[in-house]
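Next come the structures, one after another.
Consider the two complexes below, in which chain A is the common component and chain B and chain C are the respective partners.
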Partner chain A sequence: MAYTTIRILAGDLHKSLKQTFDDADISFSQVVHWAQFFVNKYVQRSIQSIDSGLYLSIFPDVPVQEFVANVQPNEVKGRKYILLPDSIHDLDDDGGIKYISYSDKEGACAPGFTGKRFTRTTPTKARRLYMNVYEVPSPQNPYFYRVRNNTYLLGIEEINVKYVEVGLYTTFDPFSACDLDAELWMDEAQIAYVFKSVVDIGRFIMLIPSDTLNEGSNTENAAETPSQRLVGLNAEANQEQPQSE
Partner chain B sequence: MPILCQTIVDRCLSALDAEGSDRYVWDRDFLPAISNTNEWMVSLFNSVFSAKKLSEESLGELKKIRLWQANMYSGFNFDSLVVGDELWSVLAIYVKNATVPSSPTLPSAISTSVFRSDVRLLDPGKSCKRTTDEKVAEKNRNPFVEGSDIFGCEDLIEYAYVNSTVFGATLAEYPIYPSVAGELIAVSYLAKPTSPINIGDSLNFPETLTDMIVDKTLNYLAYKQGDAPLLSISDRSINQLTVLMT
Partner chain C sequence: MNFSPQSAISVDQIMSDVILELNDDDHKLFTPGYYVSQIQQALEELSLDTFLNEYYSDYKFPSETLSIEMPKGAFNIRTVYVFSGGCCNVETATQCHFKRGYITNGANNGYTARNKIDALDPFISPYHYDNEVYYFSLQNGNVLLSSKCIGFENVRLVYNGVITNIGDVPIIPLPFRQAVKEYVLERCYRILKGRNPKYYRPLWMDTYQTLTTPFDGTWDKALSRARSVDSKELEDYKEYFMKMNY
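On to the complex of A and B.
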């Protein structure tokens, strides 16, 4: 199955923007950047509204580490943690982390996510867990909480878990991936919204007063110099545009 | 197709009603007039290009693409003695290109670029954007400025060059960012039209400009002989053609 790539999307957008305004100083990387944040916006919206595996990324062997010293901020000595292997969508209740699990049977045939699942908590809520025998963090009932890019693990302090499997809703970042030909993992039906949103930004940028741009018109002759305010080509369209996404 | 000086001379003689006459001779009359016209055409085109009324591509006879191996500082020097052309204007600089032969020998880069007449451009690769001395310094802090390599992705790099600058060497240099030191670069440029010496030489302008060149040559001849009617007629004709062109 072939999905649209950022090269196709940004290439089309860049050409379209230049088509209207060939002198516009809009670089390809700018268009990629604009497309990036709209892709993330619409993907996040889809994640929140539908349950689809399209947006899930699985990292099977994320190493469990332990801080050996306190480092300000966010690194606490003796606590086990994992580093998130990728940037994730910041959803309510750390929903960007779909699951974290570990296999409690060495060499088990079952996939990692069928092992012990970590339940999400927070540093403030975790205190209460230790007061209830049914909820206290343990190897059978582990928890995690997220602090920036570190995800601390509770309940496995006394056992040796080397790796965990993590399912994440990762964000789209063509700049760090450095691969414009990688598939754009989003619903193809949403591409049109990304396209329109980027074009809207481009239209805003083209509203820059035309006397600062070289548009090829001859203004050397005083009689030809516009005496009235110059209005952008898209001014009318912008006014009529509804506030819907 | 270039314009033969013989054609210009024939048309001028016809306009002057001096066919078969010895009144006008090549060395004394036509050569200075045609040479002046040649220089005037360069000035006219400079003005037209700067006003973006005409693209440089219209001067196909003068447009050339040559390859250099960039110097150790990622620049190229245009040495007219080596290339055999005077540089009029740089139209484009291409990097990361494909050539014939595909893998030419590239010795270690030195402080001046090396003109590679043994290599032909096959695919231009990436085009460099012309930037300014002020903007080029922005490349180190703004990844979206041309010439920046902050992202480190080849696909997202927009190469840039600055107009010729003397960096201490005697030869001016066009620096390219980010670095392409020692790599092959292709340069598309306009060569300055050379002034004719003999009547068998040509002016490297499109044939469609013959009328304008003949009129301007007549104009210079009219100065010389103090011929007011001819000066006025040729002036009017040149003005009409210039207006049409611009």
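On to the complex of A and C.
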């Protein structure tokens, strides 16, 4: 099964817009950029409303790193972290990060996500965890919290975890992929909405220059603005005309 | 009722059921540790209600302090023995009896008690063999032994305790499976109904009812199972009682 590619979508949109505004300077990359807005919008909406693996991306070997010095802001010496390998949808409760896990068994047959899974927390919520012996961050009970593009890992300070597996809801970025024939990973039923939204934005942008045209009307002098209601010449005749039965 | 430790239920089995019912596979609602903590608390409550779990611990006799701290998780001392020899070759052993109000600071420091051989109390007739018997009392989580016990090498405490000590991974007895599950669910829904009353309050009410309904509720069923006597034990009691010459 082949999904729609950005070349098909953007090419169709570009052609449609050029048909309507044939003298407009609309580049193909501009259309791709507009499509990007709405692909991300509708994909995010789908992620929030349905449970589908279509939008999940798995990164099996994301290296665990440790800051060696404090750097303002957001880099704290001695804390283990991973860099998110791609930009993600910013959903509630860091929902763009579906899971982070590491395998605690060398050469385990089970998939990586069945290993120890990091539970999401925040720097403020993490304090409570240390109050309960069962919730204290530990290799058996690890946590993560996100600060911008860094995702800090709690509970594995004392052990050597080199890589973690990460499942992310990544955003669509056609400019980093540099492949117009890459499949557009979104529900085919949503393509129509993307198409319509891009056409709308294109039409809107094309209409904006008309406001800057000099139409000859003076809108700056308020005294010349009619103060009474303007009535058409045939208004009276129209009122006297009996209504047809 | 007794059960084999081999048939005990693991924490993961309970959590698997609970997170499915709460729709919390991603642990967005509660951390895994929170569930374990609630399972532990359910077992503590069941232990306190049922006195199901009976343990024993052996100690070297504290010949100076005459005092032993109650073991972690213990909440009801059933019997105290003092014995000579080792735990694998018990030689002389005797039971200690409870003495009300007995307090001592250690060997050769004397003691106070309501009933004492030299008490000048016209209302109480003291035991004349007060110093001849083996006894103990409980004070602030300490087992205080009488000076008569000096000479024995070891002390054995038999007590009821919570099924799993705090911090350990809980092990759930088979008869308690449903009660523990409902208890954890009820606690989780109780928190969730504070966040979203409209959605979670009916769920909490259903779970609360399933847990606490008298006789048919999972908690009452667990208690009745724990308190029921094994068939052999029951038959033997009947046998003994029938042969008494009333």
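In this text, the second predicted complex is superposed on the first by the 207 of 245 C-alpha atoms of A that agree within 3 Å, B and C clash if a C-alpha of one lies under 4 Å from a C-alpha of the other, contacts with A are read in each partner's own complex, and residues count from 1 in each chain.
The criterion applied here is as follows: a residue touches a chain if its C-beta (ideal position, glycine included) is under 8 Å from a C-beta of that chain, and two chains touch if they have at least 3 such contacts.
Quick caveat: nothing in here was measured; it's all calculated off a predicted structure.
With both structures placed on the common chain, the touch criterion links A:T119 to chain C but leaves chain B unconnected.
Once the two complexes are laid over each other on the shared chain, residue contacts for A:F175 go to chain B alone; chain C is not touched.
Contacts of A:R7 after superposition: chain B is touched, whereas chain C is not reached. Once the two complexes are overlaid on the shared chain, A:E135 sits against chain C while remaining clear of chain B. The interface of chain A with chain B does not overlap its interface with chain C at any residue. Across the interface of their complex, chain A is touched by residues 26-28, 31-34, 36-37, 40, 166-167 of chain C. Of all residues in chain A, only 7, 27-30, 32-33, 174-175, 178, 180, 214, 216, 218, 220 touch chain B in the complex they form. Listing the residues of chain B that touch chain A in their complex gives 51-53, 143-144, 146, 151-153, 155-156, 158. Against chain C, in their complex, chain A makes its touches with residues 93, 95, 98-99, 117, 119-121, 129, 132-136, 141, 143.
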